[in-house]
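Dropping the structures in below, format is structure tokens.
Next come two complexes, and both contain subunit A; in the first it sits with subunit B, in the second with subunit C.
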Partner chain A sequence: MKFTVDQNSLTDGVNWVSRSLSTRPIKTELLGIKIDATGDEVILSGSDLETSSKAYFKADILEKGAVLVPGKLLAEISRSLPNKPISITLDGTRVLVTSGSAKFTLPTLSLNEYPNLPELPETTGTVASDTFATAVAQVAIAAGRDDSLPTLTGVHVEINEETITLAATDRYRLAVREFSWNPATPGFSTSALMRARTLADAAKSLVGSKNVSLSFAPTTSNDRLAGFSGDGKTMTSRMLDGTFPPYRHLLPTDSVTTAVVEVAPFLDSVRRVALVTDKTVPLRLEFKDGGVSLEAGAGEEAQATETIDVLLNGEPISIAFNPVFLADGLQAVGTPFVQISFTGSNKPAILTGRTEPNGASIENYRYLLMPMRYAS
Partner chain B sequence: MSADEKEESTILHVDMDAFYASVAELDNPQYKGKALVVGAGVRGVVLSANYEARKFGIRAAMPVGRAKRMAPHAIFIAPEHQRYSEISERVMAIFNSYTPLVEPISLDEAFLDVTGSQKLFGTGREIAAKIRAQVEKEEGITCSVGIAPSKFIAKLASQHCKPNGMLEIKSDRILEFLHPLPVRAIWGVGPKTAESLDRLGLHTVADIANTPRSTLIRALGDATGESLYELAWGRDYRDVVVNEPEKSIGNEETFSRDIDSPEEILREFLRMTEKATARLRDANLFAKTITIKIKFADFSSITRSKTLPLAIDSTHETYEVVKKLYVALRNDGARIRLVGVSLSNLQEDVPVQLELGARERGWREADSAIDKATARFGRASVRPGRLIKPEKESDEA
Partner chain C sequence: MTSVFDHLVGQEHIIEILEGAVAASRTGEESQEMTHAWVFTGPPGSGRSSAAVAFAQALICPNNGCGTCNDCNSAKTHGHPDVEIIRTEGLSIKVEEVRELLTRVAWAPSMGGWRVVVMEDADRLTESAANALLKAIEEPGTRTVWLLCAPTLHDVLPTIRSRCRHLQLRTPSLEAVTNVLINRDHIAPGMADFAARVSQGHIGRAKYLAINESVRSSRKTIMQLPLQLGSLAAAFQAAQTLVDLATAEANAVSDERDEKEVEKLQEAYGKGATGRGMATGGAKAVKELEKEQKSRSTRMVRDSIDGALLDIATFYRDAMMVQSGNIDSMINTDMREQIESYAASSPSHSTINKINAIMEARENLARNSAPLVTCEALMCQLARK
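What follows is the complex of A and B.
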């Protein structure tokens, strides 16, 4: 095997497949990136058996062949090389990587032991890559991180003809985002549960392509795989088992109070006030006509208070939130203003975005947040 | 606090001399000057012995039977815990009149930080003398005080000047005082560590101080190796911590016979969880750290713990954690003689993060109802279904 490729294509491809490598794989071969030089393109593959990725790029192929090399090492080398053509050659049991006067030798791993990676399921539709990345990021933030509750570490993907609804919850907050896409076949609907971290990572890395193709293996298939692909990049990932909790009925439809606040100063204030306490200590908020006051800490602990402007509609309300969860939501709405709708001090609040303080709230993203209260 | 301020000898370790025995002498003046031992019952242990009794080799924690053989003429007195608590409380109040920074270690021992009290009451040494005089005058018993720049050295100093003495170790004399001492003098060196040190040929504190830090870490593990090295150079940066709330609440039980069935083991864990969490709720506390302990038939034991992001107090939630910790051990049929559950990292008023879709009345409310019923009708009145012993099983079944 011998080929020459420019540094950008190689690094881009290696970075993409590296995401699927595990640091503690169940077998050594899974530490490797497979390099396959065929025809006029090179295919890189990486997998941890849950998630598998491939990158395709054009190269000047002098000799066909395939080889398995340590993935992390290849990634570090390709990143460190200057932006010049790189030549990769199999020499016996070693791989030579040369660029200008720089020369590296990599050991090879046994290709025979490398598993066959799953094929990308048939494309079920496409969506603009930036829409997809934003939506996934807005929702993934609410996913659980506790691996003992695997269902809650996922993002629920529900496709209903031309609308996709993403949802994630860690039981303390729930983020729901809707967006339109272009299904390949009309009248298509399905649902899937994907690991939030994997999905967010893939969506973010595919922003370089204009569109992202999504593919979901049919619910009847034995191997429940979903695929994501952009220009020269594909990824398949196993869906999570388990049933995502029904959540729509949890979203309150009416509210007693709505408050509109400018996000940037509010977010700064939340972070500053929360500085004085542990991150699980509640931030107390009092929404009144004159403004919203924020307070954290009590008794002999450090205390902090601040007041910022608010546009209030309805009864004044006092409520307490986990400051990290609140900051996550304020950041996720992605608009200059946020509307917070309350149904009570011990009831969920809903954050939605507003572009103008007096404009309508943008309902395609809702971040529901449960308050905190003192036990005694 | 900066290192410079720490240079001064302003940490006091106050230790009552043979506390229980001294109280017994105080209450029974006719025994003064005679060998006196607090601890009763043939199967009991010696809680305290006065200095006359110690001359015969009697020490605390020794079986009473053995102490009687060593000094048959000694006077043995049953302990009066109520009385010790009362006196202890008054002595601690004396300490508190010199500094708010009092860290009680037990009924008869406390650390004091008098750094901020010097303008009012004089140097550490002068304060120590005042405290010793006042305790003796007001309570009729004596104490010994170590004065040093750190807790570690202050405690060593008080042990060195007992009984009824005081000793100040200034910072420039620490190494001279510390280095000739045996390794056992260092805080945290128990029989096991001492044995490991002995194998390395390290017998005195100086030996440890002159051993490379990396060697100690290799031989004793990260935490122990590191802290031994630091202490051997007299470096101890722990502050005097006021009034630590109850450190942990736990329950454990040795079975009448070893058990190995997973159902039975989990049932015992549930029983221990129920007892420990009831005590927790009774004290109005919440626990962030849950620890399980298992002792196997061969007396080896292991503990596993988990620290949660938010403290809890319900039987149900705690048991969920306990169960997970036990299951993660993959204990495969090993015979077990004891299980225990302990709750630590305790907090008082804990904010509760409400959960989506949870019922408004949850496990907390259920537990509080159960606790009320138990208080009124006894432990067996309301309990988890799995802990109810089946009625005598029918033969026909």
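What follows is the complex of A and C.
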């Protein structure tokens, strides 16, 4: 095997496949990156068996071949190289990497022990990469982190013809985002449960491409795989087992009070007030015509009160939230203003975005937040 | 047609249940026959983990566990994406390990069948690890099956065992073990008979003994120890000999393997690379591996000492048989004269006390008492008339 490639293509590819390398894999071979130059272009692969990534790039292939090399070391070397053509050559059991005067050799690992990685399922449609990345990030924030409740660590992906609905919940909040996409075949619908951090990482890393292709194996298929791909990059990930809890009935359709607040000062206040107490201490909010006041802690210690402007529609309301979860939601709406819709002090509230204080609320993203009990 | 269950020796009563479960599992629904959590219990060597692994193979094999297809083979060797075999060789299974496991188990089965987790040493779960596992067993994935193995049901947290179907393995008969050694492992009948007899139903131990000359020779030395306890100094010497031999036996297995594992890991981080050394994190990963190996080797030494104590117990058991006039069921027939003369010179209640002392020492070792000190105390007890 022998080829030359420019530094950008190599580093970009190595960085992409490195995302799928685990630090403590079941087999040591999975610490490796496979370099495959047996075809017309070079294919790099990395896998931890849950996700498998491949990067494709053009190269001047002088001698065909394939090899498995220590993944982390290849990543460190490629990043350290100058922006010049790089030559990669298999020499016996070692791989030579040269670029200008820089010269490295890497040992090779047993390619025979390297597993066959799953093929990317057929493309089911495409979506603009930034839309996808934003939507996934908005939803993944609400996913659970407790691996003993695996279903809740996932993002539920539901495809209904031209609409994709993403949802995630850790039982204390629920985020739902809808966006449209271009299905490859009309009338397609399916659903899948993907690990939130895998999905978020893949979506974020694919923004370099204009569009992202999504591939979901149909629910009838034996292969419970989903794939994501952009320019020269693909990733397959296994779906999570289990049934995502039904959630649509949790989203109230009417409200007794709506409050519109400017996000930036509100977020600052939430963080400042929460600072003086433990993260799990309820943040008490009182929405009145004159403004919303924030208070945390009780008794002499850790009292903190701030008031900020609010546009209130309906009855005044007092409610308490987990400050971290509230801050997450305020950030996730991604607009200058937030509308909070209440149905009661001990009922969940819904955050939606508004670009103008008097404009309509943007309903394609809803962040439902459970209130906390507190002693008054 | 061959079946993975053919290799389970003397366990006909559970094979029937497992085959029923496999048949029921094909419907894809949870049923009375096919449930998602099982506990296999049985004395060491009865093959509880072999039974669990065979069950795992049968669940994922298109032919109900033929033992010859790709799925069956890869399931056994950690190569099947839907079968996870947790073989803890450390002293305990920690909560971090269970959490890591749960992350992996959350995947849907790749082949659309079942996802099976075999935990060979469920008795070694720490309390927090067991609690983490409990949550997962309470709310299992729809296609996940848990197969836990432990010596007895008491070794499993009550909250876990109440959610599992229980299968109790039997100690296989002498004939059954001998036949397996002859037919499966092609061991000469005389050797097979000897190995099966002295291993008391522990098939793995019997095979190991039958194929390893050095192990047989260590055993021979250890079996002489009860006859060499004439003085306190001799008792201490005997304890030292026992611990040394058991340690050497354990290390013979682990040293070579440890070295290979470290080498492979270093290679995967790029040891021997020029222009730049090993990748960052390599040294740390190796250190972690070495820590695991150390804990594994500690356990192997303990297991090996436990095996030696069980061997010595057979000496007193034989003596007791002779004292009660039952000479036909002697285990150590090669030591008949020595045992008979010991039996004649020692009162039978003292023999029973000595067997009890050995069992007590084994229990202490299982609770992590210091091996040499425990063996010294034991040998002093055995030295009494």
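Simple rule for what comes next: the second predicted complex is superposed on the first by the 371 of 376 C-alpha atoms of A that agree within 3 Å, B and C clash if a C-alpha of one lies under 4 Å from a C-alpha of the other, contacts with A are read in each partner's own complex, and residues count from 1 in each chain.
Operating definition for what follows: a contact is a pair of C-beta atoms (placed from the backbone, for glycine too) under 8 Å apart; a residue touches a chain by one contact, two chains touch by 3 or more.
The shown structure was predicted, so the numbers you read here are calculated from the model rather than taken from an experiment.
Student: Should the pairing of subunit B and subunit C on subunit A count as a clash or a fit in the superposition?
Tutor: Because the two structures are overlaid on the shared chain, the partners are seen to clash.
Student: Tell me the contact category for A:227 with respect to subunit B and subunit C: first, second, both or neither.
Tutor: Neither partner.
Student: First (subunit B), second (subunit C), both or neither: which does A:148 touch?
Tutor: In the superposition, A:148 touches subunit B and subunit C alike.
Student: By residue count, is subunit A touched more by subunit B or by subunit C?
Tutor: Counting contacted residues of subunit A, the larger count belongs to C.
Student: Could you say whether A:281 touches subunit B, subunit C, both of them, or neither, answering first, second, both or neither?
Tutor: It touches subunit B, and subunit C stays clear.
Student: Touching A:46, do we find subunit B (first), subunit C (second), both, or neither?
Tutor: neither
Student: Going by the contact rule set out at the top, does A:13 touch subunit B (first), subunit C (second), both, or neither?
Tutor: neither
Student: Mind working out whether A:241 is in touch with subunit B, subunit C, both or neither, as first, second, both or neither?
Tutor: Touch status of A:241: second partner only.
Student: Based on the superposed arrangement, let me know which partner A:297 touches: subunit B (first), subunit C (second), both, or neither?
Tutor: In the superposed model, A:297 contacts neither subunit B nor subunit C.
Student: May I ask you to decide whether A:348 touches subunit B, subunit C, both, or neither, giving the answer as first, second, both or neither?
Tutor: First partner only, subunit B.
Student: Indicate the residue numbers of subunit A shared between its subunit B interface and its subunit C interface, in ascending order.
Tutor: 148
Student: Applying the document's contact rule, which stretches of subunit C touch subunit A when the two form their complex?
Tutor: Spelled out, the residues of subunit C in touch with subunit A are 78-79, 81, 99-100, 102-113, 115, 132, 135-136, 139, 141-144, 264-265, 267-276, 278-282, 285.
Student: Provide the residue numbers of subunit A that touch subunit C in the complex, in ascending order.
Tutor: 23-24, 26-29, 31-32, 49-50, 69-70, 72-73, 75-77, 80, 97, 102-107, 109, 115, 118, 147-151, 153, 195, 221-225, 238-243
Student: Sort out for me which residues of subunit B touch subunit A in the complex.
Tutor: 284, 286, 309-310, 313, 324, 349-358, 360, 364
Student: Which residues, counting only subunit A, touch subunit B once they are in their complex?
Tutor: 148, 169, 171-174, 245, 247, 250, 280-282, 320, 322, 346, 348, 368, 370-376
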